[in-house]
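In the two complexes below, chain A is the common chain; its partner is chain B in one and chain C in the other.
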Partner chain A sequence: MDARQFFELSIGRWRSQRSGHHLAFNHFEEARSTLDIIALAVDDPAVVDLCQLHGIEPAAVSQPFRVDWEGEPDSKSRKPRGSSVLLPIPDPNYPAQGKLLASPTLTTPAATVSHYSLGDDETLVLSTQYEGAVVEERIWFASPNLRFRVSLVKDNGSTDLTTALFCSEIRALGQ
Partner chain B sequence: MASVTRDQFQNFFDCCVGSWTTERTYHYLTQRDVERSHTEFVVHALEPSLKAKVLEDNQRPLPPELDRLPGYHLAFETLSEKGEAVSQALNMLFVPSSEAALILEGDYLRDRAYEESKPMVARFRFNAESRELLMTTTYTKVISVDSITLVNPTLRIRRIINYQRPPEGQPLETVVLVGFGVEQKKI
Partner chain C sequence: MDARQFFELSIGRWRSQRSGHHLAFNHFEEARSTLDIIALAVDDPAVVDLCQLHGIEPAAVSQPFRVDWEGEPDSKSRKPRGSSVLLPIPDPNYPAQGKLLASPTLTTPAATVSHYSLGDDETLVLSTQYEGAVVEERIWFASPNLRFRVSLVKDNGSTDLTTALFCSEIRALGQ
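So, the complex of A and B:
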């Protein structure tokens, strides 16, 4: 599988179950959500806008997509939801790696640039530098309809972990 | 033979020696349910005579470099959120057989395995770059792929994926259990 095929395989509706370990606060959380990962055309206005924001040509984008997510609320909260457009920009010299541009969201008000790399074991490693923190995410398919994600959040310049998240995601078939 | 990869391998285990706590979650994929558990475990290095016993239990010959092979005793106690308690103690030994580009592979021997209480030879793969130890055990009904990544000397991330054992030569496809844990050393 190459990186483009990895992103293509991610297209669809996924039922996600997340376990979060917040080490800094000694807190554990569980959450369920539905992810809709939708393929976009390179001339989609959202893709063109995000390309302009980053000063890149839409032709450089491989398999743009949008992620819409909606969490299952607990008894006290409203249903959390969000959406982000993501643009993979493969490195012309090393197609297994590249940049992943993401549009701003409610929780991440600034557009972000992640670096991705697809290893020989077909695990996609995403690294994102935020102000004050670095997030490393590993995503892999156990089968075409089962995906796992591990996210580790570290303070900038430190090996100390503040948060570790694990998600199991099952493709919702027949919808 | 000494190498950067073997030094990293030994350093990985040096960090693992001590007392640890684990918060683990198991995802039951078909039920969309999560079960939590808490584990306390202790790791200490084995004396050569006990390393030899692990080899003997698994009907393996004594290698000349036995003293330098990583061998450890593990004792753990787990309490699930449903109140089920499990405890076990076992001895393990890692016998490298091949090395290439920061990857060390070999056999992982235990005098008692987790799923089946008998001596067991599994395979391991250590990545010196990511400091991940991957252990693959073929049980009668399942194949367990157990990953430990040493994030820093006092924190490990654990991933356990159990697959239904496929017919010989067929790929792993059906996941029956997924576990994820954060393991912190007691200082």
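So, the complex of A and C:
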């Protein structure tokens, strides 16, 4: 599996279970959500706009996609939801790695640039520098319909990890 | 880091937070425990006995150790606890992989043989065939004092994963 195939296999609807471990406080957190990962055409206006924002040519993009997510509400509050456009830009010299450009969202108002690298064991490692934190994610498929993700969140300026998140994502079939 | 160094770095006391995702039932489970991983000498009687049980020479063992664990009780019940002796037997031709022999315990009354393999990304992949299930674990260090483990449990005869477990293990320092 190459990186493009990895992104292609991610297309679809996923039911996600997430556990958060707050390491300093020995505290658990749980959440459920639905992810819709939708393939976009390279000439989709959202793709062209985001390319322009980052100053890159749409021809450099491989398999752009959009992620729509909707969380289960905690109580009677409104469902948390969000959407982001993502553009993989493979490194022409090392196609197993590259950049992943993300559109601004409500929670991350600046457009972000992640670095990705697909290892020999077909685990995608994704590193993202946010304003106040660095996030490193490992994502892998246990089967075509089951994906796992471990995210480690480290505050900027700190050497300690603050939070570890584990997601199991099951493909919602027949929908 | 080679496999022996990986096992050596695991020696110590660890506070573990574990999240279980029961995939078919969309159900969460949480647990806390303390692990004591204790280095053993190759001529320790527990090591010699377990070598005999498996019909191998103690000289083939690299960095044997014992794991003592104690869980936090669910309510007022007694603390769940257990102990197991583990013997890494490196493959003489491919030292990044080998067998891990485990002594019988209360929960797994038969001695088990796991296969381990340390990847280029320093993740240890451990596969164990139990009586009714296959367990595949990925274990890696985020730092010398923080270890992660993802365990996937698959019932024998089924192609589906039944449970995914995520553990974050923090070294208990100064004890």
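By our rule, the second predicted complex is superposed on the first by the 167 of 175 C-alpha atoms of A that agree within 3 Å, B and C clash if a C-alpha of one lies under 4 Å from a C-alpha of the other, contacts with A are read in each partner's own complex, and residues count from 1 in each chain.
Note that in this section contacts are C-beta pairs under 8 Å (C-beta built on N, C-alpha and C of every residue); 3 or more make two chains touch, one makes a residue touch a chain.
Keep in mind it's a predicted model, so treat the numbers as computed, not measured.
When both complexes are overlaid on chain A, the residue A:53 reaches neither chain B nor chain C. Once the two complexes are laid over each other on the shared chain, residue contacts for A:1 go to neither chain B nor chain C. With both structures placed on the common chain, the touch criterion links A:41 to neither chain B nor chain C. Once the two complexes are overlaid on the shared chain, A:15 sits against chain B and chain C alike. In the superposed pair of complexes, A:123 makes contact with chain C only, with no contact to chain B. Within the superposed three-chain model, A:110 lies out of touch with both chain B and chain C [touch as defined at top].
Looking at chain A, you'll find residues 15, 17, 19, 21, 23, 28, 30, 32, 142-143, 146, 148, 150, 152, 159, 161, 164, 166, 168, 170 touch chain B in one structure and chain C in the other.
Of all the residues in chain A, the ones that touch chain B in their complex are 15, 17, 19, 21, 23, 28, 30, 32, 142-143, 146, 148, 150, 152, 159-161, 164, 166, 168, 170.
The touching residues of chain B, counted against chain A in their complex, run 23, 25, 27, 29, 32, 34, 36, 151-152, 155, 157, 159, 161, 173-175, 178, 180, 182, 184.
Only residues 15, 17, 19, 21, 23, 26, 28, 30, 32, 119-121, 123, 125, 142-143, 146, 148, 150, 152, 159, 161, 164, 166, 168, 170 of chain C touch chain A when the two sit together in their complex.
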